[in-house]
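You will see two complexes here that share subunit A, one where it goes with subunit B and one where it goes with subunit C.
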Partner chain A sequence: MTGPVVSIEGLSIDYVVGAGRFRAVSDVSLTIEQGQVVGIVGETGCGKSTLAQAIPRLLPEPPATIGGGSIEFQGVDLVQVPKWKMPLIRGTGISMIFQEPLNSLNPAFRIYDQIAEAVRIRRARESGDRVADDRAPPPFDYARGPAPEAGDALLRPLVPAGAAAAVHRRRIGRDERLHADVLEYLRLVRINDPETILGLYPHELSGGMRQRVMIAMALSERPALLIADEPTSALDVTIQAQVLTLMKELIEEVRTSILFISHDLGVIAETADVLGVMYAGKLVEFGPVGEVFEHPRHPYTKALLRAAPTRYKADGPLTSIAGSVPNLARPPTGCRFHPRCPLAQPVCSAEPAPPLRAAAGRADHRSACHFADDVGRIP
Partner chain B sequence: MTTAPLVEAIHLEKHFPLPRTARESIVGAPRRAIHAVDDVSFTILPGETVGLIGESGSGKTTLGWLIARLHEATGGSLRFAGEDILALHGAALRRWRRNAQIVFQDPVGSLDPRLKVWQIVGEPIRAQGEHDRGVVRSRVRELLPTVGLPPDCLDQYPHEFSGGGRQRLSLARALSVDPRLIVLDEPTSALDVAVQAQILNRLVELQRERPVAYLLITHNVAAVRYAADRVAVMYLGRIVELGGVRSVLETPLHPYTKALLAAVPVADARRRRTRFRIGGDVPSLIDPPPGCRFAPRCPFVIDRCRAEYPPLREIPESPGQWVACHRAEEVRTVRPAELLSVGEAAPAAAPPTP
Partner chain C sequence: MASSTATPSPPARARGAAVSALRSVATLWRVLRANPLTLVGFVLVVLIGLGALVMVVAPHLLTSYDPRQLTGDYSTAPSWRHPLGTDTAGYDIAAETLYALPLDLAIAFAIAGGAMLGGGALGLVAGYWDRPGSVGGALSVVILRITDIFLAFPSLILALAIAVSLGRGVWQLIVAILVTWWPYYTRLVRGETLAVKHLPYVTAARAAGVTEGRIVLRHVLRNVLEPVVVYFTLDIGTVLVTLSTIGFVGLGPGYPQTAEWGAMISFYQIGGLITAYPWTVFGPGMAIFVTVLAFSLLGDGLRDVLDPRSRRVLAGTGTAGATTAAPPAPQAPPPAEGVGPEPGAPHPAPGGIG
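Entry: the complex of A and B
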C-alpha cells in the first residue's frame, strides 16, 4: 500500500487585485489516494477551480499568490518548485481536462499533432531524452527529490511554427510508432474512425468529440493524477452522459487518480468515490460520496442537496438557501456560513468554524461545523 | 373544459437560408437552408406554463423567438388570442408586443450596462407610449418588490447585481407591461442551484398572483419538472413529444425523451449503475433527410423511420400525450433501464460533417 498521490495541507490562495486581497481558497487540506476519484462541489466563486488550477501551478501568479500550505505530490512539495520547472511535472505527473475543450485545443493544429506532442513529451521523459536533443540528461525520478534542471528543449514548443512546420509534420507523419500510439489513445476514448479524426482541426469536431480528444491527450501522458475541471458542463445532457460513461470506464481501465470538479451534484454522484464540499473558499465537508449524500454533516451540504429541484409544482415550493454567497474580500466573522445557517448559534459568529472533524464511528467522514450532529435534525 | 388557447402555432416553420457556394450558383443548385424549426404545432393556454426542453441546436430558442415575434416565420401560422400575429406590422405590432415579453438567456448581455435600473425596467413602459419620467419611475418602484428586489435600487447599474439579481431585473422588465405571455429563454441556466430555486419559486408565485402564461425554454429537466404544467420535447427542429409534465417525465413514450431523461445525472449515489446512453452526436440541420430525425441514433429504428416522418399523434393509452414515433406503442412498454442493452448496439457515432 503506497501513500496518497497528492496530499494538500493547509493550502491558502489569495488574489491580490489593486489594494484588495481576496482569499479564494483558505486553509484547505485533503488527500487523494491511489486510484481514487475525489469530487469537489460548490457554487460559483467558492474556490473550486482555483484549487484545481493551483495543484499543477497553472494559476497566473500574480494576481494569484499562494498564501501558505503545501501540496505534496509524489514526495515533492509543488509549492516550493520554481514555476519554470513545473513543465517537468505537468503532463507526466499531473494532467488536466478543462471545461471548454475548444479553448484548450490549439485551433491551428490538427488533432494528430496535438496528441502526438503529448505522446512525444512523455516518451522523451520516460527514456530520459531531451526532445530534439541528443545530450541525454539523467532520467527524471520524482521519488529522488527535487526536479532536475530543465533543459530548455522541454520548454520549447515541440511543433514548430512557420515553414519548419511542413518539414516537421512530414517527419512525424512518417514516425509509425508515434502514429500507432496516437491511434491507440483515440481508440481508448472510443472514437470511431480515428484515422479520419487525426487529420481534422478542432473546429471540425463536435463538443463531445473535442472533449474526448482532450481526455485522450491527458491520458496519453499516463498521469499519476488527472484533474478534471467541469469536464462535462459545456456539453449537452446526452453527450454529457456519453462522456461520463466513458470516464467511468476509463477509471476502471487506467486506474489513475482523479480530482473531479463540478457544480452539478448529479455528475459528482455518478463518478466520485469521495466528495468534498466547498463554501466561500473553505472545505466544509469531506467524506465517502454515499455517506455525504445520505447523512450530510454540514448545514451547507444539506441545503445544497435540498435545493436541487426534484419535485412538481403541486408539491410545494422548492427549498432555496436564504441570503447570498459572502464577498470574499470581507468574509463574515466566525463560520462563513453562519449568516445563512438554520443552526447558527452565537458561537458560530464569535469563533471560527472548527477544523474538519470526524463523525463518531466514521473516521473518513469529516465536517467543519460546531453542530455537525444536529444537521440530521434540519427539516 | 375547452378554453380558447392563448397561443396557437400551426405548422410553424423557420428556415435560415445559407449563402450559396460558387459551385452551387454556377450549376444553379437550390439554395440550402438550416431547418431550425420545422412543422411545429402546439398551443399555450392562458395562465399555464409550457416547458420546452431539448439539447442545444434543437431549435427551442428559435421557436421561443418566433412566438415572441423576434424572428419572422418562413411558414405556417401563429395566432395569439385568436388574432393572426404574423400579419401584424408597424404600430399594430408594437402595440401587440405588450402582450408577449421575453426574458433572455444571458443575464449580462441582455441588460445595457450604461442604463440604470429604472431605465432598463421601464423601457417597455416607455415603448408602449408612457414618457413621463416620474410615472415610469414610480411604476418601476412598485414592480421591483414583486421580483424580490429592493425598491430603492432604481438608480443602480446592472453590474452592481449578482447573476440572480440580473435575472430578476430581466424578469421585472418583462413584467412591466403586464404581458399575457412571457417567453423565458433558459432563465436559470447561468445560475447556481440555490439561486435557481429562488427564481423558480418566484416565477411560480407570480403566476398565482396574475394571469400570465410562460413558455419555459430550458435544457434543465429539473426546472421544467417543477415549473411547467405541460412539456414539449424538441429534437432537431421538431416537437417529438408533448403532454402533461407528469406523464411525459414519468412515462416518456418517444425513444429520444427516454434517452434524454435517462441521461440526466441524478444526485443520488446509490443509483449510479442504471444508465441508458444513446450513441452518436446530434446531426446537422442543413437540409435534413426525410423521415424521423432521431432515426440515426435510435435503438428502435426500422426502415419506415428513415423514409417517412412520423406525425405527432395522441396515444390512446395515454390521453393528452402526443408523440411523433411510428413505434410508440411498442416502445411505450420498455423501461429506460431495459434499453441499456439495446443502446449499446446502437449505430456508432457518425463522423461529423466537415
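Entry: the complex of A and C
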C-alpha cells in the first residue's frame, strides 16, 4: 500500500515528578507498515507502555511531556495536534486494548452499551466524510467471520424464545441495525451466545470474556492501527492461551496494522512480523522477528532470549539477566546496557551507544551496539 | 442464531414491556424482603409520598378540618373528633400537621435537589478538570476555595443569618438553606470524580475516541451517581431537621398563616402549651421524626440496590448452577462462559473460564 501507517521519528517522552525529570522513552524511531504486526518487548520499566500510550496521546500530560520527535499518522504529526482534537483520531484511527481487562469496561453499563458506543462513534465518523450508505462495503471487511456453530447443547442460548426473548431485547436497546452490528463483532471474537452476553454487566463476565469484549470494542471501530498493550498479562495462563489464539486468528482475518506490546517473547514470536526490543527507554534492536530471534545483534536481545524458559532446557536453573533496569532519573553513562553487558568495553561507558545501524547485508535489521557483530559469539 | 435479531411484532413488544415491568417490581420486592429495615423505610416513604399527594389533590380524604378553621374545641385532648387534639385557638392539630406535609416535603426536596444539582455540577467540574496550570485547574481551585469559605461557617448559623436578612417566606427559606447546603455535594462529587477519572475504563473510553464532555457526562457521572443518590436520600432528613429548626426559631414561612412543623412545635412550646397540653407537640414532632427516619432507612438500603454488583446478591438470585440446563431466571442470566471452539482449534473450550 502507500507508505507506513505510523512513522515515529526520534520520539522522547519525559516524566516530570516534583523537581526531577526523567526520560521514559528516549529517541525512539520506528515505522509500522500497512497490515504489519510490530511487537515490542522489554523488561518492566523500559518504556514499552509509555510508548504505546504516547502514540494516541493518552498519557496524562503533565506529568508526561513529549520531549521531542514526531509521530506521523496518516500524514498528520500527532505531536502537533492539539489535545482537544485527539478524540477524532482515537478509536477509528488508533484503537487500543489495555492490560487490565477487569477494569477497562465501565461497570455501570451493559456489554451492549459499551460496544454500541464504539460502533456509534465509527458510524458518526464514517457518515462525515462520505455519503451514508448501508449497502456500501465497509473499508475493512473483517467483521464477516462465520458465526460459531454451537454443536453442544450446553452452549445453546440461555435466553428462551418468545416473550422472554422480547424482554431481553428490550433491555438492550432498540436500534436493530446497531444490535446486529454489535452481535457481529461479538461473534468475531468467538463469543458463544452473544445474545446473552449483550445484556450482562462486566462483573458478570470472566477475565477472558472481558478481554474478548475489549477486543471486539476496539475492532468495531475498524482502526487503522490497533495498539495491544500487554493484552494477556493480567489473565491466567490457560486464558492467555485462548486469548492469544484468538488474537492470532484475528490478525489473519483483520489484516490491520498492530503494535503489540509484551514482555513475553513467546507471544511476540507467535504474533508479530517485526520485533523491536526496548531497554531503559531506548529502542536497541529492530528487525524481522525470525531474523532477530536467529541472529540477535544486541547483547540485551541475546540475554532476553537466553532468559526465556523453553521446554528444551527444562532441567537446570532458569537463566536471568544479572543486575536490574537502571533508574531512569540517573541513567548510566554511555550505553545504558553496559553495566549488565558481557561485551562491555571502555568505549561503552565513555560514549553513548550508536544510533540504530543496519547489519551488513540486511538493511531491515538494525541495532544500537558498538559491537553488534560480536553478539553472535556470546555463549 | 442470527435470525433472533429480527424485529419483534408490536404486540410482542407491548407484552414484553409489561413482563419487564413486572420483573422489575419482583426484583425490587426480593431486595426489600431480604432487608426488613429498608422495607420499613420504603413503605414509610411511599406512605408519606402518597399522603403528600392526597393532601395536595384531595385533602378532605384525610382530614375533615381546614387548618385555619376554628373548630370551637379549645385545647382538647386527642379524641375521635380530633385525633391529635386541638390547640388553644381551636385549630385541629391533625389537620395542620397534614397540611404542612406537602409543604415541608417540597421545601426539603427543593433544597436537597438544588444542592445536588448545583453543588454536584461544580464538584464534577472541579474534580474532572483539575490539572494544575490549565484553565480547568484554575477554575477548580476557585470552586474549591469558595466551597471552603462556605464550609468554614456553621451552616445553621449562616442559614439563619440569610433567612433573617431575606425575611419570612417559603422561597426565602429555600434560598437561605440552599446557600449553605451545596458545598457538601461539591465535596462529595469532586472526591468521587477524582477517584473515578483515573480508573482504566475512563482511559479505555478515551482510547475509543469518546470526547471529554461525553466521558464526563456518561462514563464518570454514571459511576459517581450512586453515592450521590444515597447521600441525597439521607440528606432529605437532615434538610428537614434544619428547616424545622429555622421554622422553630420563627424564620420559616409565617405561622399560623402557613402551617409548618417546626413553627408549630415552637408555637405550642412558647405558649407554654407543652406543659399543660403535651399532646400539642406530638403531631408535628412525630411527623418530623417519622419522615427523617423513613428517608434514612431508605437511603441506607438504596446504596445496596443501586450497585449492580450487590443487587443480584440481595435479590437472592445467586449465580450458582450456571451450567444447569434451566437457568433460575431468564431475566437474570448467569455469567455466560464458554469459548467458541474453532474446528480443529488447539484449545477446546472448557465449560467456563475464570
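Rule of thumb we're sticking to: the second predicted complex is superposed on the first by the 324 of 379 C-alpha atoms of A that agree within 3 Å, B and C clash if a C-alpha of one lies under 4 Å from a C-alpha of the other, contacts with A are read in each partner's own complex, and residues count from 1 in each chain.
Throughout what follows, contacts are C-beta pairs under 8 Å (C-beta built on N, C-alpha and C of every residue); 3 or more make two chains touch, one makes a residue touch a chain.
What you are looking at is a predicted structure, and each value in this text was computed from that prediction instead of being measured.
When the shared chain is aligned, subunit B and subunit C each come close enough to touch A:193.
Contacts of A:326 after superposition: neither subunit B nor subunit C is touched. By the touch criterion defined above, A:218 reaches subunit C but does not reach subunit B. In the superposition on chain A, A:304 makes contact with subunit B only, while subunit C stays out of contact range. When the two complexes are overlaid on their common chain A, residue A:180 makes contact with subunit C while staying clear of subunit B. Contacts of A:84 after superposition: subunit C is touched, whereas subunit B is not reached. By the touch criterion defined above, A:242 lies against subunit B and subunit C together after alignment on the C-alpha atoms of chain A.
With both structures placed on the common chain, the touch criterion links A:231 to neither subunit B nor subunit C. Contacts of A:208 after superposition: both subunit B and subunit C are touched. Judged by the number of subunit A residues each one touches, C leads among subunit B and subunit C. For the contact definition in use here, the residues of subunit A common to its subunit B contact set and its subunit C contact set are 191-193, 196-197, 200, 204-206, 208-209, 236, 238-239, 241-242, 245.
Remark: subunit A residues 56, 58, 60, 62, 84, 87-96, 98, 100, 103-109, 117-118, 121, 125, 147-148, 150, 153-155, 157-161, 163-171, 176, 179-180, 183, 187, 190-193, 195-197, 199-201, 203-209, 214, 217-218, 221, 236, 238-239, 241-242, 245, 249 touch subunit C in the complex. Residues of subunit A touching subunit B in their complex: 43-44, 191-193, 196-197, 200, 204-206, 208-209, 236-242, 244-245, 263-270, 289-290, 293-294, 303-305, 307-313, 317-321, 324. Those residues of subunit B whose C-beta lies close enough to touch subunit A in the complex are 55-56, 162-164, 192-198, 200-201, 204-205, 219, 221-223, 225-229, 245-246, 259-260, 262-272, 275, 277-279, 281-282, 348-349, 351-352, 354.
Across the interface of their complex, subunit A is touched by residues 1-2, 4-5, 7-8, 12-13, 15-17, 19-20, 23, 131-133, 199-201, 203-212, 219, 222-223, 308-309, 319, 323, 325, 327, 330-331, 333-342, 345-347, 349-354 of subunit C.
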